[in-house]
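Below you'll find a set of structures to go through.
Each of the next two complexes has chain A plus one other chain: chain B in the first, chain C in the second.
Let's turn to the complex of A and B:
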């Protein structure tokens, strides 16, 4: 495949694979509650994600190590268990919220309660992983995810004021509900910088056999794909601000969100929203289940690879085979999918330093990166965003839980 | 550590007036949701199956907010 085509496909899959339950719910809540005021959090999370995805791809291209593999080798198994357990727990909750998102989309379309969809959805996800290849998971779901561009069309049709939108890029204090404001801000950062994304990306780079000749492609795919993907999440925020915030509606339930597209796009808006939610969450659930399997298998030195037959990497396949039904059980308990999604994202932000600091140490180690170690800008941007997001989450999460 | 936890938890405690204000805001938000739903229904942009789901969610959330409001006002 020509490099140009690979770049195009990489950017397109980055766009199509960006929107999922977390980014959709947090952007919609932010827009509904605070208008354009939280655009900056989305921009910050997207820039940080682009840096981290680029780093994960660079590590894989230069050292031919995946992230967990390099972490275990560099820091030893005892240290590695800390990020392993943290990322596994957070990713498990995010997986449950993505499964909830697919089930909700099916409930919206059919009227059949979401708990009845859990088993078929898990079976569908498992079959896709069991029978499919890495390319099918990465490209297939992401290409279908291009349906989420409907939010951009909706936002353009609603015609937001460019000046007000630009003003939202500058952080500002809210006039009301500061605890909620900061909680949503860290949830947005958590939704953008989910560790599963760069674990999945680094494993994909190794599966696809990237080497140093891919460094340019990696940079363009990470920067372009994430920037355009972040643009779709921004479009969700704009639609929510224009339809819900202006009408005095705050998002307490997923049921309120489809109207942000039916309002500008009519009957097709509802259909496109349901398709976006279903496809976005299905694709993300596939990636998270795989990222969990990669994390455990690579970290513990097992044989791994989505393109291998399950019998050739049995323990790797066992991880996603167990993770999917266990995550489905969380939804069956009747937990509110929106609350689960938002809290999962805030917890992701809280856990960022645990995943980011070892990554940065690796990215500055010439033994792994040779001449391609990090520059100061990448180090400073990622470390600052992670630490600030963690500190704000540490304060905002208890305020949100105990303050109602 | 215990002191830090105690400080955070005490900062989280909210007054009944603040809880009542939140409940009222939630009720107003759901009333606005129902008004928007009515407009979308009139335009025919949403299927009846979905409208029934929003109505059910609104009834549940409004009942919860009214209960929180009563509890806050009783304190």
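Let's turn to the complex of A and C:
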């Protein structure tokens, strides 16, 4: 495939693959509760994500190792167990959130309560992974995900004041509800920097046979794709701020969220919202279920590959075959998908150093990266964001649980 | 070559180029008056548990009544150490893939596998 096409596809993947339950819920809550004040958290999370995706791709291109593979080899099994278990648990919760998101969209569309949709959704997801190939999952889901551009249209139509929006880029203290403010801020960072993304990306790069000639593509895809993707999340925040915050509406029930698009775009806005939620969450659920299987298989040395037949990589296929229904069970219990999503995102932020520090050690090791080790900027940006997010999450999560 | 860094926990690839596990352990041969040398690498079974927690490994071995499905590959059959450890073994018949074969048995019952 020509490299230009790969770049285009990569950027499209970034745009179409960015918006899922986590980014949608956190950006909508941030806009509804605090107007444009939390735009900075979104920008910070997106920059950090772009750096980390670029690193995962560079590691794969230069060392031909996937992330779990390199981590286990470099740090040994005892240390590797910590990120393995942490990322698996967090990803499992995020997977449940995405499944909840698809079911919720189907509830919006049909009026049938979401728990009835869990079984068909799980079956659909599983069939995609069982019969599909990596390219189908990655490119198919993200091309369809372009429907989320509807939020940009909505935001433009609402016409936010550029000056106010720019002011939101500077971190500021909230005038009210500081605990909620910081909780949403770390949830936004967690939603942007979901670890499953790099595991998915690095496995894809190895599966597609990337080498050092791909370093340029990798940089453009990571930077461009994530920037556009972050832009869509920002559009969600703008819609929520202008429709809900200005209207004095607090989001405490998920039934209210479609308003952020139906208000500027009318009946079509509602339909586009439902389609965005369904497609975004479905694509993300596919990627997370795969990332989980990649993580376990690559960490334990099993044969893996989404483009293989299930019987050729039986344990790998078994992991996603079991993870999907288990995650579906979480939704069947009747848990509020919106609360589950926001909580999973905050937990993701809390767990960031566990995934980020080993990645940074690897990225600075010439044995893996040769001449392509990290520069100081990437190291500093990623380390600072993840440590600060973790510390804030450590304070904000208990406050949110026990204070509210 | 550093055993801990270059061999242990590396991906093992068989002659067909398929993943067959990680180097979960390394067996050393002690020789009188000479430095010890690597006799074999170990994949699977309870080997990994010993490196995680000895108590856990002992408990697992009591429950299993043995070491589980552990494959030993003589050092002579290790072909190359690079990104992976390449071995001159057919993984299909190896004990290292016991659980893969078990999983395949399960998977094969599902249509379209």
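Note that in this section the second predicted complex is superposed on the first by the 404 of 404 C-alpha atoms of A that agree within 3 Å, B and C clash if a C-alpha of one lies under 4 Å from a C-alpha of the other, contacts with A are read in each partner's own complex, and residues count from 1 in each chain.
As a working rule, contacts are C-beta pairs under 8 Å (C-beta built on N, C-alpha and C of every residue); 3 or more make two chains touch, one makes a residue touch a chain.
All values derive from a computational prediction rather than experimental measurement.
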Fit or clash - chain C, chain B, common chain A: fit
Computed vertex angle (chain A) for partners chain B and chain C, CA, steps of 10°: 130
Chain B versus chain C as contact partner of A:255, first or second or both or neither: first
Touching partner for A:108 - first (chain B), second (chain C), both, neither: first
Which superposed partner A:171 touches (first chain B, second chain C, both, neither): neither
Which superposed partner A:73 touches (first chain B, second chain C, both, neither): second
Touching partner for A:370 - first (chain B), second (chain C), both, neither: neither
Chain B versus chain C as contact partner of A:395, first or second or both or neither: first
First, second, both or neither for A:120, with chain B first and chain C second: neither
Chain B versus chain C as contact partner of A:302, first or second or both or neither: second
Chain C versus chain B - closest C-alpha approach in the superposed model, Å: 25
Touching residues on chain A, where the partner in the complex is chain B: 107-111, 243-244, 247-250, 252-253, 255-256, 258-259, 262-263, 266-267, 269-270, 395, 398-399, 401-404
Chain C contact footprint on chain A (complex, rising order): 63-65, 69, 72-73, 76-78, 80-81, 130-131, 300-304, 309-311, 314-315, 317-318, 321
Chain A-facing residues of chain C, complex: 4, 8-12, 18-22, 24, 43, 48, 51-52, 83, 99-101, 103-104, 106-108, 110, 112-113
Chain B residues touching chain A - in the complex, by the definition given at the top: 8-9, 11-14, 19, 22, 25-26, 28-30, 32-33, 35-37, 40, 43-47, 49-50, 52-54, 57, 61, 68
